[in-house]
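Have a look at these structures, which come just after this line.
Each of the next two complexes has chain A plus one more chain, namely chain B in the first and chain C in the second.
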Partner chain A sequence: MSLPTLLEVVNLKKTFVRRSGSFLKPKKTDVYAVNNVSFSIEKGEILGIIGESGCGKTTTVRMIMRLMNESNGKILFNGQNLCGLSDEKTTKVRKDMQMIFQDPYDTLNPGMRIVDILMEPLHAHKPNMTKEEKYQKVKETTEAIELIPAEDFLNRFPHQLSGGQRQRIAIARAVILEPSFIAADEPTSMLDVSVRAGILNLLLDLREKMGLTMLFITHDLSTASYMCDRIAVMYQGSIVEIGETQKIIDFPTHPYTKALVSVVKDLNSFIENRETMILDGEVDSTKKTLGCAFVSRCPHQEAVCHNVVPSLEQIDKVQSVACHCFGSSKMGISERSGALV
Partner chain B sequence: MGKTVLSVENLSTFYKTDKGISRAVENVSFTVEEGEILGLIGESGCGKSTVAQSILRLIEYPGKVVKGKVFLHEKELISASEADLYDIRWSEISVIPQSAMNALNPVHRIGEQIMEAILIHEHVSKKEALDRTKVLLELVGIDRERWKSYPHEFSGGMKQRVAIAMALACYPKMIISDESTTGLDVLTQSQVIALLKDLQRKMNLSIILISHDLPMVTSISDKIAIMYAGKLVEWASTDDILHDARHPYSRALLDATPDLINRDKKIVSIPGTVPNLVNIKSCCRFHTRCPFAFERCKVEEPELKEVKPGHFAACFLEEENHELTYTS
Partner chain C sequence: MKSNRWGYYWKTLSSSKLGLFGLSILCLFLIIALFAPLLAPFNPMERVGQPFGEPSSTFLLGTNDVGQDILSELIYGSRISLMIGVIAALISIVLGIIVGIVAGYYGGKVDNFLMRVVDLVLVVPFLPLMILLAAFIGPSFWNIILVISLISWASPARVIRSQVLNLKTKGYVEAAKSIGTKASTIMLKHIMPGVIPIALSQFVMAASSAILIEASLSFLGLGDPFVKSWGTILYYAQARGAFLTEAWLWWVLPPGLLITTLVIGFAFTGYSLEEIMNPRLRKER
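Take a look at the complex of A and B:
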């Protein structure tokens, strides 16, 4: 906890407008994609965001990377607020923060050779480097991502590489400017199990070597537990629980996290006890509920859950949760010690 | 040991390509017993779905089942006539397709689609079919009056449930679930799996669960079959696969999967890539990536052999009594 904070997100919000109704009577409804999300990442840390599809994880990252404007809130990177920065200044900041995307088949330009793909960030951000220096840098980086010898790969086109190799190139492109922060949006969800392990280990290696700070988005709890120091669990646009990975796995507090952990830990016991873990329900992000977003699927609901939005409260030094029922008798400490997990 | 419901013997399915014959599935044999869940695991392109389609005789040109037999109870499916297959599909064996979103017809009410299957295969009145449809919907946890809804009115998980209800329409004894939960959210997925498991218990179904999700499959299957590059490499009870895997690929697959309980376990990727199956020579298809490969693996193809009762593996190391220990 002594390390300085690199990135801080304060009350970040994003609403999209959904148009419906007839041509003559148009109707607009707000969809809350990201709702009051706050977290911070220390230098050298990997923070994981997990959640189901549509919960706002990607939208959060895209706002942080300034690929999308926020509706409200602050994003502090090295103390500098990125919201409202001019395009010119944003470009300068991007040199220090890069992103790895989900689909390695979509994110590399099929008409460019690997060497040109990797040169591009250098052309954009390092105008003072000579061509030889740039080539040298490209070669070094390609070798750093374990595509050896680099010459074999540099003149290829993306279609001549396998999925795993492509994702490595995407990683090389992100780290070639030696940024201090990397956001990885489901970097392994498109890859096979045997290749996935290599990519995850490479990211961990690069963090060691380059002192990277990372925001790691995934929907898979076991991947997150392998990669991350801390995990934030998102549900319908809000963070419902955030804390140290081990704590989240051993003592999940929010009913949603509990269900998630129990599915991965022991699917059989989840199947036996699923009525006590989670209710069947539809997820509808257009419906603005007064209370807790999880209420329609929560087995522990009380009157207050329907009327008041729970706020993220710190329960100890390393864990915070947004749930009204935490601390009440049926979800008390005795249960936290492991009876339900 | 229960009664054998399905038995697949030396099944080979090849695809014709411009560059030659792709040996997508070769010499695959396994059986499924009554009330058993068999997990069929493998990475993309290993032939899992081709096996499923071959069993149901759904392979179309340029693919062809070139060899092998599939017995469902006593009936042989590969040589069966289209008319016979017509009677067998749905009523004895059915499939839950990968993406329920595309499997349902968007312009018909879901109830009508389920009824259609019943009416075609059984001589019942429309009213009886509708009544059964409602029962089926309830069985999969959907309100019975929603038979009037169209597919777009359902969420992904609900559509998947409709697809399951549809697969159960004629009360088959055997269901093949072809990656039917892939693409769903974790919790929705586990609810669908829980539903399948419930139904399996209630109706004594046999299920082939095709997936690439090792942890999910191992937690609910009785037996596991692992495929690699068109070959079945290991087939054993779930316990044996988890604690006594004999084939190096099975071990590598387990080593590559992160474990929530044992977070310190260092996951290891498998070096190299899957071989091209077009005109592949006779060899162990895993030899290029196998840390224990020796000369024989490069020239001869290992057969699936019983290494201990009920545990089959296709690896020469078993015959040569090599000890499988990682030296690196």
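Take a look at the complex of A and C:
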């Protein structure tokens, strides 16, 4: 807790406008992709954001990486607000923050050799380096991501590498500038299970060696628990719970987190007790509820859940949760839901 | 991979009879144009026979109003027609690539503005405009090329823009952005290579229309009077009344046929190139 904050996100919001209705009677509805998200990451920490598809985790990262403009809010990186920064200044900041993308088949240009792909960040940010120095750096980095000997790989095209190797190249491209912050957007979700562990260990290794700070996006709780120091659980554009990984897994507080954790911990008991954990249904982000976003799927609803949006409240030093029911959650769940519904 | 890909293109091209036919026509004309001094029996600028001579063993296609050999004129004319076609197409494709990439990549206002300009160029009735332009800036070889390029860059620009819209959603473009690569570098290194194949087929199409435009301009007397293109030959044939006498058979028909054949050659090549570049048009074979 004493470490300085590297990245702070304050009330970040992204709305998309949905146009519907006829030509004569146009109707505009705001769809919240990300709604009032706030968190901070300390130097050297890995924060995981976990949530189901469409909950806004990728949108959040894209805004932090300045690939998309925010509708509202602040992103403080090293104390500097990235929102509304000029293109020139944004480019300077990018040297310090890099991103690893989800799909290694898509993020490497199929027409470029690996060496040119890895040179790209150097061309962009180190115009004073000579060609030999750049090549040397590329070689070193390739060896650092365990593609040895580097010469074997540098002259290949991306399609001549396996998925795992491609993702390693993508990681190399992100770390070659020695940034202080890396955002990884589901870096293992497109890979075979067999190579996942290798990639995750590599990331942990690099963090150790380079003192990286990371924002790690995933939809897989087991990956998150392996990688992250802290986890933020997102649901429909808001963070519903944030805290230390171990705490979240051992003592999940928000009903959504509880459901998530129990799926991973013991699938059989989740299926048996499904009714008490979570209600069936797909997420519908267009339906606007006044209250808690999770209310339509939550098994223990109270009147207040339908009318008031719960705010993220600290429950102890390391954990916060956004749920109205928390105050009374010392009671067992089944008991409470029986009493209230 | 690169050589494989071109090999694959060649295979698709050669498996299409139309494309192969078009390509051989183009090659034939290229050879004629390159070796014109060897193939032509006379210097087309020299008066070598009687004016208005009928075809004979010395002058296979007769002579024109000042006694120049028409066959030699036609052979040398292929040089002008091909050159104007290729240069004008090249200029309009380069313009089209620049406009298409800038509009597609930046989107928003820039895109809107550029596409409205494209619309404008596309909807202007182009023959009157061309005549006006050609008459205004005066007939010369380079002016003709300028006029043709000014008119024919718009439709390639639109086709290329739509390809860019597709390319810019690719992960590697986004990755390059997040790395902090300059926009100009992204357009040059990541987007341009993806546009080249489409630009190639557009180039062939533009060349065929450029040749037609050149012929029509020259026929109307707006071409360069000092170079002999097929259009110019037709212009003089028309001006000297060849259309009304039996001379049309050797003075009017041959240049007309040559123009048609060359344009068909370009069009066929263009179609099969388009088929290669656009897999949805590809037939099951």
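In this text, the second predicted complex is superposed on the first by the 325 of 341 C-alpha atoms of A that agree within 3 Å, B and C clash if a C-alpha of one lies under 4 Å from a C-alpha of the other, contacts with A are read in each partner's own complex, and residues count from 1 in each chain.
As a working rule, contacts are C-beta pairs under 8 Å (C-beta built on N, C-alpha and C of every residue); 3 or more make two chains touch, one makes a residue touch a chain.
Worth saying up front: this structure is predicted, and the values here are computed from it rather than measured.
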Clash-or-fit label for the pair chain B, chain C on chain A: fit
Touching partner for A:159 - first (chain B), second (chain C), both, neither: second
Chain touching more of chain A, residue-wise (chain B, chain C): B
Partner chain in contact with A:107 - chain B first, chain C second, else both or neither: second
Partner chain(s) touched by A:266 [first = chain B, second = chain C, both, neither]: first
First (chain B), second (chain C), both or neither touched by A:99: second
Which superposed partner A:123 touches (first chain B, second chain C, both, neither): second
Which superposed partner A:91 touches (first chain B, second chain C, both, neither): second
Chain B versus chain C as contact partner of A:249, first or second or both or neither: first
Minimum C-alpha separation between chain B and chain C after superposing on chain A, in Å: 15
Shared chain A surface residues [contacts with chain B and with chain C]: none
Interfacial residue positions of chain B with respect to chain A in the complex: 43-44, 141, 155, 158, 185-188, 190-191, 193-194, 197-198, 212, 214-216, 219-220, 252-253, 255-261, 263, 266-270, 273
Of chain A, residues touching chain B in the complex: 52-53, 162, 164, 192-201, 219-223, 225-226, 245-246, 249, 259-261, 263-268, 270-271, 274, 278, 280, 282-283
Residues of chain C touching chain A in the complex: 1, 170-172, 174-182, 185, 189-190, 193-194
Of chain A, residues touching chain C in the complex: 65-67, 90-91, 94-95, 98-99, 101, 103, 106-109, 111-112, 120-121, 123-125, 157, 159-160, 170, 173
